[in-house]
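One chain, subunit A, links the two complexes that follow: it is found with subunit B in the first and with subunit C in the second.
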Partner chain A sequence: MKTRTILTAALLGGVAFAPAAMAQTELSMWYHGAGSNNQEEATVNRLVAEFNASQDDWEVVMESFPQESYNDSIVAAALAGNLPDIIDVDGPVMPNWAWAGYMQPLGIDEARLEGFLPGTIGRWGGEVYSVGLWDAAVAVFARRSVLEDHGIRIPTLDEPWTKDEFDAALVTLDESGEFEHAFDPGMAWTGEWYPYAFSPLLQSFGGDIVDRSTYLTAEGALNGEAAIEFGEWWQSLFERDLAPGTSQDPADRETGFIDGQYALQWNGNWAALPVIEAFGDDALFLPAPDFGNGSTIGAASWQFGVSAASEHPEGARAFIEFALTDEWFAAFSDGTGLIPVTKSAAQMTQNYAEGGPLEVFYELSERQALVRPVSPGYVVAAKVFEKALADIANGADVADTLDAAVDEIDADIEANGGYGH
Partner chain B sequence: MASKLTRSNGAGWAFALPGFGLIALFIVLPFFFAFGLSLTNQRLISPNPTEYVGFANYRDLLGLAVITLEPERDEAGQLVREADGGIAYPRVRTVTRSDDYPQYRGMREWFRWQSGDNARVVIASDVVFMKALVNTLTFVVVVAPVQAGLALVLALLINQKLRGVNVFRAIYFMPVVVSIVVVSLLWRFIYDGNDGLLNNMLVGLTFGLFEPVDWLGNPDTALGAIMAMSVWQGVGFHMVIWLAGLQTISPTLYEAADIEGASKWQAFRYVTWPGLRNTAILILIVITMQAFALFAQVDVMTNGGPLDSTQVLVFQAVERGYGRQDISGGSTISVILFLIVLAISLLQRWLTRER
Partner chain C sequence: MAAVNPENRGLRLAVRYLVLILIAVIFLFPLVFMVVSSLKPDQQLLSDTSSLRAFLPVGDISLNNYADAFARAPVGLFIFNSVVVTGLTVLLALAICSLAAFSFVFLRWSGQGLVLAVILATLIIPFETIAIPLLLIVSRLPWIGIEGFEIGWLNTYRVQIIPWIADGLTIFLFVQYFKDLPRELVEAARVEGASWFQVYYRVIIPLSGPVLATAAILKFLIMYNQYLWPLIVVQQETYRPVMVGLGYYFQLNPAWGEIMAYLTVITLPVLAFYLVLQRAFIASIASTGVKG
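Our next item is the complex of A and B:
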């Protein structure tokens, strides 16, 4: 206490001479993207610097973490009681941290969020906990010339491929013998990619990871008829050798579509720019097929929020609000290729403006995006789902595997007292 | 109990204290924590209070039952045959997910066998754990003798006064000093199913007759592939221990054997091998313990897949504790693993005791 008094005195004394910067209260911030391979980290750094220069009350000090260890660091810090003021959090993980008491509601005026893509607002228990400065979308990467050569219809947002059409297209492409595999779903990207990219396919069949009416069980959603139908189709992709399996080389995943190994690829907009560079106007980004229950893709990327430990939530909020402008959304989008949060910001970007090469992704996000189950239990359910899909791809019995996944998810929900639903 | 060890040996104890202290703090204490946690429902992240649950975690892991499935019969009472001629049985899920058998709820088929027309199915509460247990034991049973034997052969080879023998020693020892994660990543490339080094080499050696195998992607070969690379990685370390043992054997014994006219094999059998007795015990115990701790290779190369063919206990403990946020489940696996390793070590001590 004594040192603080001395410090305060020193500070007060200092104010007389030094510029007002001395009076800034420090806000710590943790960020997940250390060493990101695009401009994301640099743009976050610029955001912090400009925020610090823009006002006299707060000074944000940022620490970057590599993505693989970021979540572990947050959990460890929370257990040890040293969370920073501002954290960034992956959209589907947010409910888990909010439920666990790592985060506090943002307390932001919701009018500020008008016109934002739905995936960029993180809600739990009726309150906004986190806001994203960008979103991501997934599409079927294709080449116009390849589809036209094989007489395959080019689908549109209003009229996506049906299940039979998509399947027939894969068979046609496979039989052409021009490609190692007709379709690359991205089995090499283990982890969050599985639920992010593949659970929308399950939803399009009519299933889901959990039953979203209660969030208390997966029974019927993940092992019902629709889910089993999805599982059978999923398994058949690998049985018929239409898609590379779980042992896909990660390097092939990165370059296989551009190198012509795969005819179609299920991939995110962050990977779109190199494809445009390689194929120019020939590159196509097609909406997800409609397997009977509408086309869906995943939504929500990394978002910013305030930790429960923060003593200065108003400062943290000021920082996040500072970033919620079209200029920053456009800056992030230009730096990373990710989707800007608002339509007006999209017009200010190189890629998402009208006629821009990635314009289609904005509309995909707006029209097809469905957030992953908003539940603290998602973190565990996602792992279970990932294993089930890998096992099914490797030939496990579909119904038994999905049953086992349901049992595991249900047991976890029960062990956690229903996760507060 | 008062022995020379405890009396008037203050300096000795003082020197041992830091080591004992660290071991107590980082190994003994966490073990008691783990045992305590395994009796609760502790989660990694949860606002809910931790509750004591008794041995429920152990029941959830170790629960086993055998059920009998009667074949499906058509209206005439004839057996229904599958397309491949096998007898058709009702699905196990008709039992495990039926309200008539609440005791089997949540259990899954582990394996089955035929008995008469009926099928006997072993169902387990946690099939993944059971597979991990079997895989770990298989790994130990194969790796311990193979690695120890190979290390001994290498040690005998380089225990000679040859020009440049140090080069060989360095080469054999090299994999040991490289991080296991790096080694695992490299072997992933070697085992690659399309254009991996191993496939290319085998195709080249057989003039194209060999069909490339997806070593890590095939449930039949994945565990074997990990075993082979683990043996390769660890063999150098144990070679050095064997070598140290070999060099403690007095050359006069070999000279005497020579004079007596002993053959090379006899010299090994009656001079070298008895001289290596204590080294052998040490190596056997060390390899067994290391093999039980298999983790990094699985984590980097296969993540336990395909189809759980490379699940092992330590990987499961970590996956549950951190991946699935179930600290109590992970702790339970750790305790079970500890008991298994302890039992095997005691057995080995007993089998190799001085008689």
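Our next item is the complex of A and C:
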């Protein structure tokens, strides 16, 4: 009787507790791509579904936000103590969120990040806070036939155009009269495009948005001799009508290179496939010119991290680690056209494998990429930089504009106590 | 003064109509541009902006942008959310603000003037300055609902409605309107034994059609156009209103045709609401113009 009672109690207890033991703990995750209508969101959804099905401990529930207001939503949620467990964060913004206490270190075994492209690892204060599942790279889009017809050398990664070569090429193409403009830097894309795409040109001149040796000032970096030389060259692009200015029609930005309005275009790997489709083997993706201090392009795209408010960092980490495989890097790359994180993953993709149409972008990313200033102050400095470059393009005095930008960035750094540097 | 002859009158009428037509065209142009652009592909939409073609449904016209706009985002859900939030807020605001105004105009209680002055003073405070403190408050407020007791109002309809029910402008509109109503009606009702609530409900409200319409339209516009507040208190698509939903269309290359289609669709409830109440709204505006 006693045995039967114990067995019955055990059975009932087992039935009662079975669902609790089997239930997955919910992990909330916020993602910036609502409405993007692209394969990136679809692949993230697939990643979440496969992670949830792969184990019994955690269930990731994703909420998508419009990218335009995503960062504001994060800041508001941090204030209200309502952050999710997992967040995605734009690489250059991560130090700000880590410094502000919105994120916690990932606590990941760094051996797992070996061989990753440099722009895909988000570090702040010596710790890894975020990891990207893809990266992006920019290049000079060109056509082999156009360059050859005008006697312009085709640059290589080992021997990019020098400043004089690049400038002479623009003048030659402009004087041919075949194009509306010789070069399309992409002035119609405001926002983060400006610091992402144009600050590497400044860096190649020898300047920068801030002084990276201390991160406590922009003095000398953004208004020194090299920066002024960059500013004057930048302004001359528009004065000489080599490039369309800030009033560029967004539609021209989108199709102007393919339509033959522009001879060269500064654009990202995400825009490369239509160019290949239009021009086939004639399409070229060339390295950034070397303006004297080496060729440089921007790095770091969206990455995943764990919010400081997460009560289950181990679950959040398990999800991120689940995604850190060549199979997922290749899946994202094939879905979105973005650059896979590792060389071995690149070999598994349609576009970045050896001989693939976008192979060159992996090399560009590996050899030329430089992350934007790793500082919490970057989010303010980037906006100041954007405005300064637009003003200079519109004819503002170069030295005065850069001095004013330095004052604004320095005032912000000071107001925030040096941002922890 | 010279007598107005028929010829002069005709000329004046012609000039008046010309000016009115011109003003109407200026006000209609943005709407026409929005609707016409919603029918064009992006490339054509942008190239047409440099000519009068921008206002004409010419070229490659189709409803594709509408189909794409609905495929990109849950437009129906966003409109439903906005209509629920706006509708309930308007109804509650009319009730609460008119009651408040009634007590300021027809009742006598100590501190009345000071309280009204404080309420009116809130008109000069921009919402942006109180958004963060308000966010901190609502994120910690308790609530007892169907699911039981909970802390925090974020990601609900109530967080989008309750903080917006009472506001200085609506109370001010009612106070000004009630002041001009004949007090004899109130006194007569009181003599007949009506309670204060009966006076409010049976005497004052039936006479307040124009101000109710004006307050409703103004409140409707404020609520339907809400962006900052729902952006910071709603983190779930389930409760997202139309203006935050607009962000779905602003990608690296904004889908301008879809944006115009989306704007056209979300403008329809506003137009419908205005058309229903326009007679009373115009009467109210006209009456404020002939006072004194």
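The rule is short, and it goes like this: the second predicted complex is superposed on the first by the 398 of 421 C-alpha atoms of A that agree within 3 Å, B and C clash if a C-alpha of one lies under 4 Å from a C-alpha of the other, contacts with A are read in each partner's own complex, and residues count from 1 in each chain.
Heads up, the rule we're going with is that a residue touches a chain if its C-beta (ideal position, glycine included) is under 8 Å from a C-beta of that chain, and two chains touch if they have at least 3 such contacts.
Small disclaimer: the values here were computed from a predicted structure and weren't measured.
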Review point. Should the superposition on subunit A be reported as showing a clash between subunit B and subunit C, or a fit?
Key: clash
Practice item. Tell me which partner A:217 touches in the superposition: subunit B (first), subunit C (second), both or neither. Key: neither
Check your understanding: Of the two partner chains, subunit B (first) and subunit C (second), which one does A:416 touch, if any: first, second, both, or neither?
Key -> first
Practice item. Go through the superposed model and pick first if A:172 touches only subunit B, second if only subunit C, both, or neither. Key: neither
Check your understanding: Looking at the overlay, what does A:30 touch: subunit B (first), subunit C (second), both, or neither?
Key -> second
Practice item. Considering only the touch criterion stated at the top, classify A:249 as touching first (subunit B), second (subunit C), both, or neither. Key: both
Point to revise | Of subunit C and subunit B, partner touching more subunit A residues | key: B
Point to revise | subunit B versus subunit C as contact partner of A:162, first or second or both or neither | key: neither
Practice item. Scan A:72 for contacts with subunit B and subunit C and give back first, second, both or neither. Key: both
Study note, to complete from the structure: Superposed model, subunit C vs subunit B, clash-positive stretch out of 5-13, 59-67, 167-175 or 203-211 is 167-175
Review point. Taking the contacts subunit A makes with subunit B in one complex and with subunit C in the other, which residues are shared?
Key: 72, 249
Practice item. Show which residues of subunit A lie in contact with subunit B when the two form their complex. Key: 72, 75, 78, 96-97, 99-102, 190, 245-247, 249, 252, 379-380, 383-384, 390-391, 394-396, 399-400, 403-404, 407, 411-412, 415-417, 420
Point to revise | subunit B residues touching subunit A - in the complex, by the definition given at the top | key: 41, 43-48, 60, 91-93, 96-97, 106, 108-109, 127, 192-194, 214, 216-217, 219, 303, 305-308, 319, 322-326
Check your understanding: In the complex of these two chains, what residues of subunit A are touching subunit C?
Key -> 30, 34-37, 63-69, 72-73, 76-77, 79-82, 189, 249-251, 253-255
Check your understanding: In their shared complex, at which residues does subunit C touch subunit A?
Key -> 42-43, 46-47, 71-73, 132, 135-136, 139, 152, 154, 231-233, 235-237, 244-245, 247-254
